[in-house]
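In what comes next, chain A is part of two complexes: it sits with chain B in the first one and with chain C in the second one.
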Partner chain A sequence: MTETREMTKTEPRAVETQREPLFMPYVDIYETTNELILLADMPGVGEGDIDIDLEKGVLALRGRVKPQDMSGFKPLLGEYRAGDYYRAFTLSNEIDETRITATIKDGVLRVVLPKVEHVKAKKIAVTTG
Partner chain B sequence: MTNRSLIPWRKRDYGEAATPMVKLQREMNQLFNEFFEGWNLPTFSTHDVSLTPTVDVAESEKEVKVTAELPGIDEKNVDISVVGNALTISGEKKEEKEEKGQTYHRIERTYGSFSRTVPLPAEVDEENTRAVYKNGILTITLPKVEQARRRRIEVKTEK
Partner chain C sequence: MTRFPFWLNEVVERSPWSDMGNLMESLRGSERHTTQAYPPVNVWGDGERSVLTAEIPGVRPEDVDVSIQASVVTIRARRDIPEIGEGDVWHRHERGHGEFVRAITLPHKINPEKVQATCSNGVLKLVLPRLEEEKTRRIQVKTA
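Presenting the complex of A and B:
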């Protein structure tokens, strides 16, 4: 799985205009025997605020952050900015695109990308003739 | 133009933790990252110099609200304490343990212990402090003590 380096084309939409900045979430990607697992830190993103698109082998992750209700509060220190998260990766053909699953818990998105059957390492038993 | 340069990295202000050495390390990492960009190599981490969570502090007339970005922690591993006018959030972020024999392709997220102390703008009532952890954001609401609340003093004109 490689990161999509070129900006994926985004058609301008009349309704959804981008006001907040887009952030690149930090990710961990690791591989086990049967699958690739991607973890992305998206603090502030809950269930239902996440869009995962798969188009032409490009897996795009987008998390929307609802700004906290701070009415009546005066900001004193602001270190992080609320904004949406976006990151895209190109999948290799060893990923079974039909079986990708994703969950989000405590602001961490977990995407499980199972490998297609033939890619899995198989033990070949050697029999003596 | 690469994706990376188009999307702003989270600007992290480490506050008091931003010592000249930390700054230098970050700048050096950035330099290496730019050089190796596009070689498809794992990047030099620019952010794991410290695991200090980023916080926002806001106050209303009656309360002080502190929010911290802490994705993927177990709330049982978070410790919040108030000493005088300082709020300390500390804890540990544990690495997800999976089956053996896994290969890492990218490690950008950070794990380990963290501690952050934030000065509070007013004296607070520790007893009634509430903390909620939701979607990776810790929100701590600290009510101000009666004496610390701002009072309006009416100015009367003498005739």
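Presenting the complex of A and C:
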């Protein structure tokens, strides 16, 4: 129930550095009655360039970016670096791992994490006495 | 105060390297953006044209407005905050939203008739040809 790790990231960070850097995408997470929705900014990532792995309760999101082929051009201004994205979350057991779905549109990954039946918020009808 | 259950915990990756190595690596990798301006852009040139790319995730191609004046290209668009229902709860809100305008001056005048603009997977790409009159004229040097 409580956060024990530092969670707030103000900048996308590389989480591991191999030959190519991996970047941490910005995310939004919100909760509806029946599910959690995760949105991650992954510009340059298209359908088929996404790997979502779920192993031992860890949801790992990875987006692959094909670098622009600019051979024959000279760089004039460089304000961002392109590279693959990676970010991982541990799932609590209130998430139904079998029904997770993901889509990507305009460089934004959307992951839908449905809650298991018994933790869905129950509406309690209040009647006037 | 209401406490909401916590559903997702971030996994903090650990490097197999020493702490110092880890620090060095993460510093090097953290410089993804070298500007606070939005959107960040990269520009390349080959003398005949400039190619500009801008990262605008979540913006629909039809919502991007590009205008050209002389050597200045202006990108204007907006990204809306995700619509959440009444009673829904935010757990993280790192992604920015709102309207943005960015003007970039190129080292040459642009031929507005021949600009190509495409937007794919949240990356805007503009091919901006140099205006013909702008091309360097070679002067033949004759012997006197």
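Just so we're on the same page, the second predicted complex is superposed on the first by the 105 of 129 C-alpha atoms of A that agree within 3 Å, B and C clash if a C-alpha of one lies under 4 Å from a C-alpha of the other, contacts with A are read in each partner's own complex, and residues count from 1 in each chain.
Note that contacts are C-beta pairs under 8 Å (C-beta built on N, C-alpha and C of every residue); 3 or more make two chains touch, one makes a residue touch a chain.
Source: prediction; values computed, not measured.
A.B. asks: Answer with first, second, both or neither: which of chain B and chain C does A:T101 touch in the superposed model?
C.D. replies: Neither: A:T101 stays clear of chain B and chain C.
A.B. asks: Tell me which partner A:L91 touches in the superposition: chain B (first), chain C (second), both or neither.
C.D. replies: After superposing on A, A:L91 lies in contact with chain C but is clear of chain B.
A.B. asks: Have a look and say if chain B or chain C is in touch with more residues of chain A.
C.D. replies: After superposition, C is the partner touching more of chain A.
A.B. asks: Quick one: classify A:T33 as touching chain B (first), chain C (second), both or neither.
C.D. replies: It touches chain B and chain C both.
A.B. asks: Look at A:P43 in the shared chain and tell me whether it touches chain B only, chain C only, both, or neither; answer first, second, both or neither.
C.D. replies: Both partners, chain B and chain C.
A.B. asks: Would you sort A:L113 into first (chain B), second (chain C), both or neither based on which partner it touches?
C.D. replies: After superposing on A, A:L113 lies in contact with chain C but is clear of chain B.
A.B. asks: So, A:P75: does it touch chain B (first), chain C (second), both, or neither?
C.D. replies: A:P75 sits against chain B and chain C alike.
A.B. asks: On chain A, which stretch or stretches are contacted by chain B in one complex as well as by chain C in the other?
C.D. replies: On chain A, the overlap between the chain B and chain C contacts is residues 1-3, 5-7, 21-23, 26-33, 36-37, 39, 41-46, 68, 70, 72-81, 87-88, 104, 106-108.
A.B. asks: Residue numbers of chain A touching chain C in their complex, please.
C.D. replies: Going through chain A, the ones touching chain C are 1-3, 5-7, 9, 11-17, 21-23, 26-33, 36-39, 41-46, 58-60, 68, 70, 72-81, 83, 87-92, 94-95, 104, 106-108, 113, 119.
A.B. asks: Can you tell me which positions in chain A touch chain B when the two form their complex?
C.D. replies: Its residues touching chain B are 1-7, 21-24, 26-33, 36-37, 39, 41-46, 68, 70, 72-81, 86-88, 104-108.
A.B. asks: Mind listing the chain B positions that touch chain A in their complex?
C.D. replies: My answer: residues 1-4, 6-13, 15, 38, 40, 47, 54-61, 63, 65, 67, 69-73, 96, 98-99, 101-110, 118, 121, 133-137, 139.
A.B. asks: Would you mind writing out the residues of chain C in touch with chain A in their complex?
C.D. replies: Answer in residue numbers: 3-13, 15, 25-26, 28-35, 37, 40-46, 50-51, 53, 55-61, 82, 84-85, 87-96, 104, 106-107, 119-123, 125.
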